[in-house]
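Presented sequentially are two complexes of chain A, the first with chain B as partner and the second with chain C.
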Partner chain A sequence: MADSGGTDEHDKKDDVERSKSEGKELTKEEKQRLRKEKKQQKKHKEKKDDKASQESGKENKSASSAAAAPQLPTQTVKVVKRLPEHIQVDNPEVLKKLAKKLERQQTPVHGATIKIPLRSDYGYKVSLFSHLHQYSRKAPLTQQLSIPSTVIHPAVVRLGLQYSQGIVAGSNARSVALLHAFKQVIRDYTTPPNEELSRDLVNKLKPYISFLNQCRPLSASMGNAIKFVKKEISNIPTQCKEEEAKSKILNCIEWYINDKIILAAKAIAASAIEKISDEDVILVYGCSSLVNHILFEAFEKRRKFRVIVVDSRPRLEGREALRRLVQRGISCTYVLISAVSYILPEVSKVFLGAHALLANGYVMSRVGTSQIALVAKAFNVPVLVCCETYKFCERVQTDSFVSNELDDPDDLIVTRKGKTHLENWQEVPSLGLLNLVYDVTPPDFVDLVITELGMIPCTSVPVVLRVKNVDQ
Partner chain B sequence: MPGPNKETDLTERVEAFLSDLKRGGSGTGPLRGSAETARETTELLRRITAQARWSSAGDLMEIIHKEGRRMTAAQPSETTVGNMIRRVLKIIREEYARSRGSSEEADQQESLHKLLTSGGLGEETFRQHFAHLKANVIEAIKELLTELEGTTEYIAIQALEHIHSNEVIMTIGRSRTVEAFLKDAARKRKFHVIVAECAPFCQGHEMATGLSTAGIETTVITDAAIFAVMSRVNKVIIGTQTVLANGGLRAVNGTHTLALAAKHHSTPLIVCAPMFKLSPQFPNEEDTFHKFVSPHEVLPFTEGEILSKVNVHCPVFDYVPPELITLFISNIGGHAPSYIYRLMSELYHPEDHEL
Partner chain C sequence: MELQAVLMAAGGGSRMTDLIYNTPKPLLPVGNKPLMWYPLNLLERVGFEEVIVITTKEVQKMMSSDPKMKLDVKMKLDVVCIQEDGDMGTADALRHIQQKIKSDVLVVSCDLITDVALHEVVDLFRAHNATLAMLMSKAHEFTETVPGQKGKKKTAEQRDFVGVDPSGKRLLFMANEADLEDGLSIRKSIIKKHPRMHIKTGLVDAHLYCLKKEVVDFLAENKSISSIRGELVPYLVRKQFSKTANRQKMKDESEDQTQKKNDDSTNQELLIASRDESLLQLAQERSCWNDHHGDMSEAYHGGKLRCYVHILDQGLCYRVNTLAAYIEANRLAPKLFEEPAVHPSAVISEKCQMGSDSMIGALCQIADKTSIKRSTIGNSTTVKEKVKVTNSIVMHGVTIEEGCNIQGSVICSNAIIGRGADLKYCLVGNGQRIESEAERTNEVIVGTDQLMEI
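Up next, the complex of A and B:
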């Protein structure tokens, strides 16, 4: 549909423009909304956007506002982005729009048009979470793809499968894998005739991103990486030759990985080691690549400490961390999260990793992190969160319900002594299983956040975000 | 000859009970619930009273002391055994005092005034022989048994006073008392229950299937999600293994985290515990409080390469301080945690605190 194609165009332009300049005044949004309502009967597109903006409540659709109002001189307040689809599963309109969008994002190749399949939900969803998706790991999205899937690059298909099966997990690992896959895509890309590289490549990436989003919802770090890549691509000047442009983009991506992830980890380790003294007992939760890195570095520098690894069902990621630590020769203890109030009197510090840091100072991390921070606070043990700045996110959230990820509920089923109590949970109508992936930790539980820019309190996250945006 | 047969029979029963206790005390939950253990202990004590040879209350109390020490040594974490023994000892003291004709106040806790004025009360030796003492004691123990049988029912009856409709209730692990409590309320009200599964034994799964077959909307969550979902919970209702003398709890591991999360969100924490779980012990974190089971539950032997280099802990119980508890519901009604010490003085005699 032509007008929806126009929305995408405005999307892209808006992304680019917004990253260059600051957004519109908030008061203008009221006027824009009024203008939209006036044009309601006239344009079909205005009508659709208006419905969507009413549904999303206080959030505004930046695309329609960009289309409706002229750009105004900058103020400090940014335009809020539209609500992501993956937290509006209970809204059938949004699901229909997504299905249409996935259809649109096909590019006809050799006469065949293959669309990205829509993944269906599985199992009974707890009513508190009916606005989120719940997929089964046994039914990966790739089963619905037909061969040859010429629309989607095989590197991206492989990545999507690795995401959905949990083979690649952890926000750093996922981001790095994503960027490597993009590099492969860009290497194999050739500009079609009569098209500009800067515009066409971004359009090429869109279906891949939708596909990956269907396999597993994108993390905040991946979102930031994608924004960076898109910005770099659209900044390529038009007169640049294709080979030169491609190598430029590849170098940019390399630089991003090196600077934001690898060097940042080194800087964070250097400052975190000052916080580890001899005879320390350090508690870690699950498997965070950054926290593990810090512990390895501290061990290299001959600090004497021991580590307590806390783990939780059903993912049991702590066992991986345990293996890596034991291999290095660090003395470890291992408990489950229900025993954390037994073990905490022995602990001197708690090191936690983060999935994202939200703009209101909340820490979004693996489910269970907020619990550990709570108990540590009750026992007066300092809690230190280690997080690179590329994971800082402009979203705000106060509880773990509005935006989360639901994992396969069958993971909770366990067989003990030959009996599996929850085996037939689907047949019992009033029984539901809940397998949350993330939770948010309030900033008063966290004593310090260690980033590559220094050691900051949780409440300084929006300051860092502002500084970063001014730089860009 | 009936005498020796009875005695051997009695010793056999005691030995069987002791070995049952030793075997059944693994962390997955005893082979039978605390109510059953309490009932069996009381039955055994009734038999000992009926069949053992004793002439005065003092003798009986010594016999029961001796057997009681053996029973508690067999499974120190099973505190209901000790509690029942103390109840029976208190019954014997009361019956003795009644037979002697002195008022019951003489047995109360000694105040400083009483110590200085009366003086001679502490030298009670219980040596007098009373003909009807045996019959009275056995009668009183039978009353105790009937009380034990009705405890779960009396707790469940109070359910409708505490649960309103459309509530979200959270619980952890598996407690027969709480299950009966919630099922009784579900007959008249509609509400939603969230069960934390309580790894590594995952007793929460059994609880959830039990509740959902009764038609209650149940959700099973992992232990890690307790704080995450707590903001939507209206009440937390838990069971416990023991109620300590200061009003604190010795409950299944993970309960302390649950209590802290409830406190953070100002959610009331209600403990359903029958009176036979009340123990005169104070929390002693050193040797006797914690019980550990095989670390195989936490880190299985399949992880062989790292097992030898790692310390693994699998504690069974958690201590919950009384400040985190809002209400105790027992078979005699509801109490605040600050009232527990008073109930204890009614149930047990201070000299029996140390068996």
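Up next, the complex of A and C:
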């Protein structure tokens, strides 16, 4: 709580300073807030000293507890900080709790309750990341499910499979696919007698979400989409008839996709195109659907530019980006990330996509992005991150270790000329394969974030979050 | 509901006529359980609760009446009878039950014995939104000597040519040697899209298919297709790359209402139609995944019809449609279930030597000084003293008198082997009586009424 309170205060200070510098008078509310915060600060400083001695050496990422617990800065009650479960995999008690939670989330089918299966970890985990889950693609969760899946809706099973095999990858694609699956679930849903749709449907969705979480950890965009859907469902008035309620929810989901994803992409493309001038050399990394969309639109508007696609193993997503760009007729160059410092002198700007934007201004994106931003900074090349606002997240992170995703380590194994050298990597005791998926880029390396609300600096993310909360 | 299981149990067993004279193929005992039990057990283990069984009236009668053929499955069996004499292929049977099919189907043949992890096949079907997903396995050489076979018979069986992509999952080409006149010709459109193809010939089709509901509807319109394996599957595999399918897609996008039913109906049915197609399209566009690399086309080359195959490398997978397969299956079937090799109700005397890989059925009576090795003895069989049974299959209700020596043979139900008989590699038909002190080697002993009329 203290941290988020700190950041709140920090950005409010920014706000205040900005409004001061702009010559506007501090509004009454802002003055009041300043006063309150100063009081809080004193109290929290006392509490912090107590807490620092009590807590173990783990860093307190209060993001989840901040998101979970209601934000009442004036409360001086001691809050027990809880770390999210998905980053405590090496703690056996937490695993037991997770197993129990899955049991509790059973869906009653034909009178019997069947629980969602628990996916087990695979292979040796590098010690620095042993607190995260690491699954194998060859052991899908569907092994433990019955074939005509009655426990979990077939659309959700299909979605989970597509996530774990990487057929649906990229945060926009995952969110859209998730909402599509939810639409099918809601269409096939019937309210059991003596139950209310608003409460029962949310309970029905919980086991599906745990199932999807086990297939592949949920992304920030998916989390926000789920929060939206749950809110919409619980806001259904009780006297509403089932058909009407269902069509209402389906329309809301349609609206969300249209507004937050499709229209947002259009708006971002419109503002980003202003930043692209003729004879530009643009560097992109991996395959970001938003950045690709911007480049397509810019090409339609007849801007003359060329693109350098940087790619990295093991995913090699840049190949797909390259294919899409070249298909449209954009002239491209393709390099691997190891050559980025060689190619950067040619580059005039860097466009990066984001998986999520964190509340302290850090950009969470595919592993390698922070590398590119760092090198670009060294070469004084402007870095622009394009991100829709629905990917903004209230979490706070300053490094890539605490909360990340470990992909299947067998992806790193490659067979060349018939020889697979790493085939028996599990037998070598001192060898661990690490396949990270995400990393965080500090806001110092990012010059501009292009969202549908406009072009903002990285540090204004909390402002946007605040504005969104007020709106809703 | 996601998948409906359909068990095809009306097949003739044309390659093992001697065995099926009295017992229809689905009820042939393998490891003292009827052949139908194995696919039903597979479906039950995986979690199916209902199965539609397509069979003949005879089999249905025997299933319900004969206590020895009791099928102890807990699933609900919806038995659909079809005419036995009619030339009904498997696709015709599917057409027959079209009204019952409300979702995608999983078609299994009654003679399949396998321990495959079924989720591998179904996952291909689900994840790639495939039209067809099937199971194939590497063919095993049958090592046991088959009774009645004179010398090494050159298997003049028609080979199947199966073409898969480098990942081994996508089915690109399927043809039987009989259909290929001069040689194997592969269309340019296939090679353009999949420049690398592995063609395999040593594969056995397990006759386990996951089909989309649209395919069943398509079958209802196209009455010319009568066999799933022989006609439908090659047709679907060919249609993946047909130009008309892609052209049809573009036509659909431009004209929303196509009133013509003649040619469109054949292709329209195959196009995977789902509500919210636009959302799925959007998700696929935004996703940075492609199933192939090196050319300019999108995932799946934009094709909506996809066929997948799961090739089983290790594990049990047999289709019991020949005598050799039947014998092999009897050897290996006990591994599939954990019931004790000796049925508790069998009466076995203490001086009997029984190998660990033998199976004794219910209500058997085995007398002293007998030796039973690597054999399967059916229910209610009587084996008298000093009998040696090695490597054989003895079905239900057989009486084996004293002093017999049975080696490598198959004795069908209700046969009587006289005392002192010596049978090596013989097939004794149903209800036959072997006289005492007979010595037969490598013969098929059936009644005159079982012999075919020329």
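Just so it is clear, the second predicted complex is superposed on the first by the 383 of 472 C-alpha atoms of A that agree within 3 Å, B and C clash if a C-alpha of one lies under 4 Å from a C-alpha of the other, contacts with A are read in each partner's own complex, and residues count from 1 in each chain.
In this section, a contact is a pair of C-beta atoms (placed from the backbone, for glycine too) under 8 Å apart; a residue touches a chain by one contact, two chains touch by 3 or more.
Keep in mind it's a predicted model, so treat the numbers as computed, not measured.
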Message: Under the stated touch criterion, which partner chain does A:R319 make contact with: chain B (first), chain C (second), both, or neither?
response: both
- request: Once the structures are superposed on A, label A:R137 by its partner contacts, choosing first (chain B), second (chain C), both or neither.
  value: neither
Message: If we overlay the two complexes on their shared chain A, which of chain B and chain C does A:Q162 touch? Say first, second, both or neither.
response: second
Task: Please work out whether A:K96 is in contact with chain B alone, chain C alone, both, or neither, and reply first, second, both or neither.
output: neither
Query: Between chain B (first) and chain C (second), which, if any, makes contact with A:V335: first, second, both or neither?
result: first
- prompt: Thinking of the overlay built on chain A, is A:L179 touched by chain B (first), by chain C (second), by both, or by neither?
  reply: second
- prompt: Of all the chain A residues, which ones make contact with chain B and with chain C?
  reply: 319, 323, 326
Field: Complex contacts: residues of chain A adjacent to chain C
entry: 140, 142-143, 145-150, 154, 157-158, 161-162, 165-170, 172-174, 176-177, 179-180, 183-184, 257, 262, 286-289, 317, 319-321, 323, 326-327
Statement: Listed in rising order, the residues of chain A that touch chain B in the complex are 126, 128, 312-314, 319, 322-323, 326, 331-343, 366-368, 370-371, 374-375, 378, 399-401, 412, 414, 416-417, 421-422, 425, 428, 430-436, 439-440
Interfacial residue positions of chain C with respect to chain A in the complex: 1-5, 46-49, 106, 117-119, 122-123, 126-129, 276, 279-280, 282-290, 293, 296
Chain A partner contacts - residues on chain B that touch it in the complex: 28, 197-202, 205-206, 208-209, 212-213, 215-229, 231-232, 253-254, 256-257, 260-261, 264, 290, 298-299, 303, 305-306, 309-315, 318
